[in-house]
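In the two assemblies presented below, subunit A is common to both, partnered first by subunit B and then by subunit C.
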Partner chain A sequence: MGKKLKPTQNFAEIVFNDPVLGILLVLPLLFWVLATIIYPLFNTIYFSFFNIRYIGVPFQPVGLTNYKYVLQDPSFLLACGRSALWTLINVTLQIVGSLVVALILNQNFRGRDFIRNWVILPWVLPTVVVAIMWKWILDPTHGVVNYLLINLGLLAEPIQFLASPQWVMPTTIFINTWRWTPYFSIILLAALQTIQRELYEAAAIDGASTWNQFRYITLPVIAPVLSVVALNSFLWSVNIFDTIWLLTRGGPIDYTTTLPIYIYKKAFQEFRFGEASAASIVMFLGLLLIVVVYLRRLFRESEEEGL
Partner chain B sequence: MKKRSGSFGKHFSVLLVIIVFVGPMVWILINSFKPTVELLSPSPTFFPRNFTLEHYWNLFRRVNFSRYYYNSFIVALSTAVITALAGALAAYSVYRCRYPGRKILFRLFLSSYVFPKVLILVPLYIMFSQLNIIDTPLALVAAHVMLTAPFSVWILRAFFESIPIAIEEAALVDGANRLQIVFRVFIPLAAPGIAAIGINGFLMSWSEYLFASVLAITDINKTLPVGMAYFLQEYSIEWGVMMAGSVLIALPPVVGFAIAGRYFIEGLTAGSVK
Partner chain C sequence: MKIKAFVLGVVLVLLGLTAWAADPVELVFWHMEARPNRVERIQEVCERFNAEHPDIEVVPYVQSWGEIYQLAPAAIQAGRGPDFMLTTPDFLTYVKALGAVQPVDKLIESLQQEYSFIQSALTPYYFDDHYWAVPIYGMDFVFWYRKDIFEQAGLDPNRPPKTWIELLEICEKLKASGVVEYPIAVPGAIHMATDQLIYTLMTVNKAEHIFGEDPNEVIFDNPHTVEAYSFYKQLFDYSPPGSAAWAWDEPRTALFTGQVAIVMEKGHYLKGWIDSTDLPLAYLGCAPIPVPEGGQPGTIYYSNGLMLLTEDLEKQAAFNEFLAWLFQPEIMSWLIHMDPGFFLPVTKEVLYSDAFWDEPTIKEKVAAVVIQIDYSEYGKLFGFTRETVNPNAGAIAASNILAWVAQQITVGGLPPEEAVKLGAQRIEEVIRE
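On to the complex of A and B.
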């Protein structure tokens, strides 16, 4: 796309070589980013070495105490484990789910464009609506899911989807996957549509099975997009806070307390801001590798297009 | 052309996708019109037997809903306007001006989208407390612009590239100065893109919970997600009211998506499919 600039590039080079204007225009956003992202990020590091229980009194430096506290806190280690489990299952289900949905929507049917646009609804809805919706649908006494399961004779008594220790994690994972699957399926669908139908027809004439068509025609085309989906899905899943919090508040007991929930609870329920900062830093270091991979990809992609 | 599976399997699978992903919201919409007795009856009905708007009335009578709605609207609108302005100017600078360091700036904006937001929740809260702006719309707008503006530079890319440089050159030849070119010539041309990032900012702010939950504390300052979330944690939930509330909260995003959705989908797919 950026190649369009080429024919006039020399003239453009002269015309747009205006550093003063450029810096002037970028200044408002740059200021905002520095003040509300970069400065706070450095503060997270700084605060992680202080004991901060009240805001307004001077913070006490405590060295590495917060890090010791966090790394020795069994509920922090459990939160790490839950975050790993949550992320792994979410990413897997979202990749498989979005691929299935994309393949379904790639068929020829009436109202295709309309349905393709609106299938993304779960992603459009505010999280609080998603939480209210699923709490209602899965409610043990009034929810439609338990009602149907009992009336079909599949269940003797209602399942406490969001209140029982063994069900709560699978249920929240399902709801989060439900929310993100359509989003990723739309991305995959766009990739699927770049494949020419003739390829499948030719393969069918040559006697290739459906599986082989998928394996040798579809998969090679969508493989790079699948890796984008996997990377995005990973980064977003790991950081999910609101969906879990609004559904369960990290409970029952601590069964859905993943890392973001742990940090939030430390800071805004226990008012241990120093410990919360230390936990944030540990979480960030754990994610560093995947963040770097993600950014390199994003930078390469953007600069290929000739910034 | 394809002989296998036939049209039953095809239509069944499409129907299943619709039921799974669109069905729940439709179910909430239908339920919001049922009287409480019918809503909580042991044998649920599909369509309301007695249509009622009582839950919608209760929302405004018994809950501070109109106040939350107003707060959310003010915060989201401010976020949208600031995002559109700051985003468009920064995007012009990054894509159209030549100066040393602009690549670094572009990377800075891009990376601010990736890091975990929960990381800056505590320092932002402490900073706003020290500035004494906690529990004001100002703090919320500041946080929401932070969440949406940097990435809007990236969204604007395709829009800006579709505007030929020749137009700006012509304006320059006609004697317009550089600022005039930006504001009088370029921005009107890029208006659809700028509107799209504005709508995106509005919807993000409208739905945002994490920052709003710690930056809006007293009841009169709460936004919709925070206000409704409070009722969600109560032991006995007033389901009718929650359902009606959900419908009204979902309304702006759904309408916004109906208007600008194709830009999102285009932007979404253009970025990742090469």
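On to the complex of A and C.
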């Protein structure tokens, strides 16, 4: 405060040398995080120890009963399984898909700029538009996909993409992957563009194959970005609620009831906020564990590589 | 100088008193009729009331049914809830659990004396020895069919099926004729649309009670319910592929485009037909819900009502005044004509008034409206068929358990007996304390 700045000092140095200023700058963000994440989180933890049927009504403490109930509820365990499957396939498809799209968009070809501009469109569309659009496209009676497949002689009977147990999960995964892949591909494309052309030219002179160039140049350079993309893809996929809800409402029967859908149904359909809170906390702890393990491994690798 | 100050003081006091006296009692009114024509009509109704009653100002706010379960408790808790709001019997049990709903016995009594309610509209709002809302308009399921398609298929367009057996025979004939590939459209998604169709079939098959006289005794698992689900499955097999994901819009589109010839649904098909097809309204036939052998006339019927939340006595008096004004046949008819043929009168005064019948769409399809009104007398609503209501009855509708059971049969391939058994377990699970 009141210090005269040296002409060569940059902003980071000023903040580093003045901790009070640093704290003041961080304070709004800290308050925001406290208000929107920490407070609701502690509230949810608190609620999970009570039998709450309706918000606003006096409720009774029940200890760990909600946790016991949730962990023994077959529907919860099935929802965990579905969430694991949903996340695993989504993350795999999104990473592989976005990498392929990014590699293609990193090449020189006619129309590249046009595609680069428009490839992001599925991600830009509001979820409700995506859901309505795909519901109509895939409808067995009115939808264009079944119409084409039947008229091309590839199908005798229409496929019930969103109404049959066999098809509903692959279909919702496909739609979610279609939605998120462009976003991740743009991030990976940005990473690819940081790689110097000279590296590839030198490798080519040394006789490296395309695969080896990808393996020993491309992949190591974009690995940090890829790790972040994988983490984002994981967290966003596991928490997806809107797309599934708008497409299937967790059905048919409960075949697409993943953990977020299970929690929503518990809270807002069965009005069991205590149990919904307990399920949320179990889910939160599970995710926290996975993320901590992943980040520790990531940081260890970075340290070993001297990054 | 003193005189001037005195006069100025008097003027200021008078001005203050005038301002105080002119300050109208504000009534914040939440409703969930979010379609543009309904929003507009409700706004007009409130404005007209406000113009005629300068001492009261009813201020309508549009909310959405999709969010109201989360929004209402939060707003009420924060002291920013409405003074009164639109409700259904299910939603009422939810808000009542917050301790925020005021009984309206005296108001019902005075309106009953003057306008005479249709009993089925009142029943769901009476429990725990009180009336908890004032019904304003009702709605029920009827049998809609395409007369032109019936005729093309060699069927008599003026003889809709009266029994379940006749309905299945007609479906078979329609299919065999080749005029339509799928004779009927039934919703099958885990959605209110499926719940309401299933319950309609349950009522005509004498399975309307989900609870026993003891509101904690679940009697859903019984032969009548199983028969209703078996019949639903038979209809489902005649419905287009993908019906397991269908709710309100798809069957309507299928009927209006002539893809199917039959749908069972509520009265908004009249306005829907006019708004979205160029076909004559005469093509659209209407009949009561077919009944099984040994069954009873019936349908799902419920009324939307207004529930009073404010504890302020002055506001309560203003609410009573608003309702007394609203229930005049001419005003009430004007309100429920926001969707002609869909919303049905809940008082005999409106029912027998020219104001209600003197509306072009209703005039053109008098028979369809009469059928809906006649059958509202037999109408029931699940969870609200007894004098004592389970406090968690609303959760059964919110959880779409009837539709979930239907999917166990149509998607999961379970026999109706097993699916209904699972349904009873799920209801017990939802209502457990």
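One rule holds for everything that comes next: the second predicted complex is superposed on the first by the 239 of 307 C-alpha atoms of A that agree within 3 Å, B and C clash if a C-alpha of one lies under 4 Å from a C-alpha of the other, contacts with A are read in each partner's own complex, and residues count from 1 in each chain.
What we mean here is this: a contact is a pair of C-beta atoms (placed from the backbone, for glycine too) under 8 Å apart; a residue touches a chain by one contact, two chains touch by 3 or more.
These figures come from a predicted structure and were not determined experimentally.
Novice: Now for A:A163: first (subunit B), second (subunit C), both, or neither, which partner does it touch?
Specialist: second
Novice: Just subunit B (first), just subunit C (second), both, or neither: which does A:V129 touch?
Specialist: first
Novice: Considering only touches as defined above, state whether A:N239 meets subunit B (first), subunit C (second), both or neither.
Specialist: first
Novice: Of subunit B and subunit C, which one touches more of subunit A's residues?
Specialist: Touched residues of subunit A are more numerous for B.
Novice: Which partner does A:F271 contact after superposing on A: first (subunit B), second (subunit C), both, neither?
Specialist: Once the two structures are laid over each other on A, A:F271 reaches subunit C alone.
Novice: Touch check for A:H142: first (subunit B), second (subunit C), both, or neither?
Specialist: Both partners, subunit B and subunit C.
Novice: Could you tell me if A:D18 is touching subunit B, subunit C, both of them or neither one (first, second, both, neither)?
Specialist: Once the two structures are laid over each other on A, A:D18 reaches subunit B alone.
Novice: Which partner does A:I253 reach: the first (subunit B), the second (subunit C), both, or neither?
Specialist: second
Novice: Quick check on the superposed pair: does A:W32 touch subunit B, subunit C, both, or neither? Answer first, second, both or neither.
Specialist: Once the two structures are laid over each other on A, A:W32 reaches subunit B alone.
Novice: Both subunit B and subunit C touch subunit A; at which residues?
Specialist: On subunit A, the residues that contact subunit B in one structure and subunit C in the other are 55-56, 135, 139, 142, 249, 268.
Novice: Using the touch definition from the top, list the residues of subunit A that touch subunit B in their complex.
Specialist: Residues in contact with subunit B: 1-2, 4-5, 8, 11-13, 15-19, 21-26, 28-30, 32-33, 36-37, 39-41, 43-44, 47, 52, 55-56, 101, 104-105, 107-109, 115, 117-122, 124-129, 131-137, 139, 142, 144, 147, 178, 181-183, 186-187, 189-191, 194, 197, 200-201, 204, 210, 224-225, 228-229, 235, 238-239, 241-242, 245-246, 249, 259-260, 263-264, 267-268, 273, 276-277, 280, 283-284, 287, 291, 294-295, 298-299, 301-303, 307.
Novice: Which subunit C residues qualify as touching subunit A in the complex?
Specialist: For this pair, the touching residues of subunit C are 69-70, 73-74, 76-77, 94, 97-100, 182, 188-191, 240-245, 250, 253-254, 259, 392, 394-395, 398-400, 404, 407-408, 411-412, 430.
Novice: Spell out the residues on subunit A that touch subunit C in their complex, using ranges where they run on.
Specialist: Those residues of subunit A that touch subunit C are 53-57, 135, 139-142, 157-158, 160, 162-165, 248-253, 265, 268-271.
Novice: Could you please specify the touching residues of subunit B with respect to subunit A in the complex?
Specialist: My answer: residues 1-4, 10-11, 13-14, 16-18, 20-22, 24-25, 27-28, 31, 39-40, 43-44, 85-87, 89-90, 92-100, 102-103, 105-112, 114-127, 129-130, 142-143, 145-146, 149-150, 153-154, 157-158, 161, 164-166, 168-169, 172, 178-179, 182, 203, 206-207, 209-210, 213-214, 224-225, 228-229, 232-233, 237, 239, 242-243, 245-246, 249-250, 253-254, 257, 261-262, 265, 268-269, 271-274.
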